[in-house]
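In what comes next, subunit A is part of two complexes: it sits with subunit B in the first one and with subunit C in the second one.
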Partner chain A sequence: MLDGRSLVKRTAGLRLWLSVAWLSLLVIGAVFAPLVAPQDPLMQDLFTARLPPFWMHGAEPGYWLGTDSLGRDVLSRILYGGRVALIVALLAGSATAIIGATLGLIAGFYRGWVDMVISRLVDIWMAFPPVLFSILLIAVLGTGLGSVILAIIVIDWTRFARVVRAEAMAQGAMDYVASAQVAGRGRFSTVLTEILPNVLPTITVLLTLEMGIAVIVEAILSFVNLSISTDDPTWGGMIAEGRVSIHQAWWVLVFPLIALFLTVLSFSQLGEGLKDRFDPVLQ
Partner chain B sequence: MSFLKIRNLSVVLRGTRHRLLRDVSLDVAATEVMGLVGESGAGKSMIGKAVLGILPRSAQVVSGTIEMDGVDLLSMDPRRRRALIGRQAALIPQDPLTALNPSRRIRPQITDRLVDILGWDRARANTRAEEILHEVHIAAPERVLGSYPHELSGGMRQRILIASAFAAEPRLIVADEPTTALDVTVQKQILKLIHEMQAQHGTALLFVTHDLGVVAKICQRLTVLYGGLVVEEADVRAFFRAPVHAYSRALLAATPRHSDPDADLTPVPEAVIAAVQDQVLAADRSWTHA
Partner chain C sequence: MFLRRFLTRIATTLVTLFGVAVIVFVVIRVVPGDPIAMMLPPGATDADIARLQALYGLDKSIPQQFVIWLGGVLHGDFGTSITTRQPVLGLVLSRLPATLELSIMALVIAVVLGGLMALTGTRLRDTRTEGAIDVANGMALSVPDFLWGLVLILMFGVLWPVFSISGRVSPALVPQFHTDFFLFESVLRLRFDLWLDLVGHMLMPAVALAIPLAAIIGQLLKQSLKETMHLDYVTLARTKGYGENHVITHEALRNAILPTLTLIGVQFTFLIGGTVIIERLFSYEGLGNMAIDAVINRDLPLIQGIVLLFALLFTLVNLCVDLLYAVLNPRLRHA
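So, the complex of A and B:
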């Protein structure tokens, strides 16, 4: 029989597997884009402009999700755009996590003046409006993938620092940390063996959320044309172009939006699912 | 010759002149069981933490000495102090639920100290871990060593913590209210176990508790604290026959007895509290520390 607990567990598992499935699909599509993309994502052809997706009247084979106003294949552009999204998610997400979590651990465990400095820095940092801040940064750094990643790291490390600091403080007050210190553990080694493993589930959840956020930020920046060059397909860029022709060709706007939505949702569900599955305290 | 010798130890709330421990002096002989008794906030745990070098950040030692085996801990360089304490002393913590790291298996939590401090190799430390778990009557040590804390019961975890404290054969163990977090039936077994292990290993024990009944069972001497001040220090037999200080007498009268479980319990009278508080204030007046 299904009691409430196993039902919860089962839906949690389903959530995890659905998000893994979508992300794997995306990764495979992005990595093997040159092989699986039906068309060249940059090839313009005004004879095939604004073709509708495959189930509608007037669709052409080979253009499954239709084409935009310049005749470029939407599906192929989504696959190539996925590359940019995933690279940003991976690099910006993990770098943000490493930098933010390290500072948070230091502040939360060592306390004292180090904590003072880091915490005040976080407070000041978080007072800046993030979108404005990122646009300003890109304006200074110049456009390009590297700048986008750097901007995300510079803005979002505070998210990790703050949460990890609080968590490290809570863990640091536990008796097992005291026991480890009585047993001659140095402070640095205590952080690595006693604190970090217990903060790791939280870092994992934050990391997946951050990857979702990174995808959105990249989309925002490419929407306002501050990401990589306009020729290369990005989801944000496609959304911006699709917006203009929404009355003639809604699919140019809707499909990249769906890809963006599913990806961000999958990242956040992946984190929650992993936490449910691997956090020893929750089991 | 006492193994642990505390002299005039004063601890303040960091950044203030408010004292949490007031010129505490205390001796624990090798193989002796010393009870530290007092109400909540009397500073009994604070003494144990000061000895083990795990005072919270908010507390600061301002004067006094803590000598372990003739070496003054407070004047030592922190790294050497940590190594010395790790070799000579151990802690049995209060709450078995938070005293084991939830994300590590039991095995390294016992063997780490043996490897780090005593320099044993893993195989030898493993054998020792199994042996010591046997000693605390854990039937399947191999299985327990491979478990995570959440897979074990509270009583089992407290046994593990006791085993872990004795594993490296320390000469002093601080037991910080080791039975408070357990339910009554388990409490008795755990107390018996600590007593048994202490007797077998001949370890000096600093037993922090608010329960005079527990003191009567396992301690040879006791120190009564009030407001961070040592009110009375006595041999346990003598104490239960005739406590000297008025506060100790009142504390004893407030403790239920096996011999007469229906007797009325007298709360500590306000006059006695007022008197002992005066004593605390007098101690602060004569305290000259800048």
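So, the complex of A and C:
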């Protein structure tokens, strides 16, 4: 019988593989963008402005997903925009994970005043709306890829710190940690060799989810024109252009939106899948 | 015991707010670029610069500046907006009602949608319908409000244009009311044409904000309901002959709702935070839209005021939730 539980379980594997497939496709497309992109993503040509995608009347060969109001090829811009999205996901995601997890480990294992300071900082951070905070930081730091990545790290380290702190506390209370200490291990070495390996699955899951969040934050910042320079293609920038010309050329909005949607969904499905695979604690 | 918990909680809230003020002050003061240079006309003399610096207190030390600034903030003096030359507090308060109305409408939609999903899922547990609800919930959770907003714009703004996707009210109907709570005041004044217009404008952004929260509510409430359904007192109600619907809504719900209530409180702050980008997306004239304009115009006093107001709102919502939880939960009340 096909009951409710099995519908979710049965599709879990499928969803995981679809996510991996989309992300692989995206990585290949982004890495080899100069080779696979049919057009120069920056080339403007008013004679080819607002061409529709290939199946519609009036389409031109070589512009598979149509062009925007300046005649730039949508597919090529999506491929190059994928580069920005993936760079932000990788760099911002891993840096956030390292910083947040380190602080969480310190707070959770050493307790005492260190824990108090870090926990109070987390509380203060939670009082800021993340989107507003990121926009404020960009206003202060100036636009650019580095600022976007820095803003994500500054805002999101608390996600890791909170969870890892709780995990480290739980692990620290277990017998194996006590026996490591009895065996004469130093506290620092205990954290590195006993606690960290046990918290690593949690960190990996959070990192995957964080990559999806980083992609969204970059898209939001480029949507309000506060990410990297306006000339370089970004998904958020394309969406902002598409939002303006939505009644004349819907494809300028729809295709980058689909790319963004699938990427964010894939990262989160991947995170959920990993969670189910190797971490009973988080379930 | 209860009083002590209450006082501790208020003390930590004050510490958090102080920390917020410090961070906002530091972030704004490390801005590269001289705010004085931006205000002066070309050809200003050194004496002019010094006079303006003294006027804005920029010639004093940083801690002194902080004390002066904080004193002003506590007295409701948030400075003057650079772009409009109006007091920040007035500007911010004129936009706050629009954002509050949008947030509360989104919250109501989320609770109704999430509640319906949880009740349906519990009633039809272990069927295909529950499976479908779980999958839909998972989807709704993994995609943030920004993307749902874009999807709604495409669906109801372009494919099937039934709702407005831009602005707060039709230009022809802009009301001259006492307060800026247009939605609320239009009901009091029996202006139902205006009310409908406002709801039509608000519905799409509110639904975009509500979808992720509805999914969270649906998931947690269904889980607690299903756990409650196995308890003895629920079985007792069944043996008394009550129907399944009655058992769920009258017996199980009462006990299952507490964790969900706490969660709604915490998540509501995330929803308010989401209004920043959603208002931009739907050109809704609220605080968030104003914040983004302020950043683009580098209107630092205005940004500062908006961030402080949002932080205050967040902290107060969290405080209320904690206190409400303590009042509602009998185990904590008598502790």
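Methods note: the second predicted complex is superposed on the first by the 261 of 283 C-alpha atoms of A that agree within 3 Å, B and C clash if a C-alpha of one lies under 4 Å from a C-alpha of the other, contacts with A are read in each partner's own complex, and residues count from 1 in each chain.
The rule we apply is simple: a contact is a pair of C-beta atoms (placed from the backbone, for glycine too) under 8 Å apart; a residue touches a chain by one contact, two chains touch by 3 or more.
Note that the structure is a prediction, hence the values are computed from the model and not measured.
When both complexes are overlaid on chain A, the residue A:Gly112 reaches subunit B alone and has no touch with subunit C. Comparing subunit B with subunit C, the partner in contact with more residues of subunit A is C. Legend: residue contacts after superposition of the two complexes on their common chain; A:Asn198 is shown touching subunit B, with no touch to subunit C.
Once chain A of one complex is fitted onto chain A of the other, the partner contacts of A:Arg185 are limited to subunit B, with no touch recorded for subunit C. By the touch criterion defined above, A:Leu18 lies against neither subunit B nor subunit C after alignment on the C-alpha atoms of chain A.
Those residues of subunit A lying in contact with subunit C across their complex are 2-8, 11, 120-121, 123-124, 126-133, 135-140, 142, 212, 216, 219-220, 223-226, 239, 243, 246-247, 250, 253-254, 257, 260-261, 264-265, 268-269, 272. Against subunit A, in their complex, subunit B makes its touches with residues 49, 52-54, 57, 79, 82-83, 85-87, 89-91, 93-95, 98-104, 109, 112-113, 116-117, 148, 150, 161, 164.
Those residues of subunit A that touch subunit B in the complex are listed here as 111-112, 174-176, 178-186, 193-194, 197-198, 200, 280-281, 283. Listed in rising order, the residues of subunit C touching subunit A in the complex are 12, 15-17, 19-20, 23, 27-28, 30-32, 121, 125-132, 134-135, 138-139, 141-144, 146-147, 150-151, 153-154, 157-158, 269, 272-274, 276-277, 280-281, 288, 291-292, 295-296, 298, 300, 303, 306-307, 310-311, 314-315, 318.
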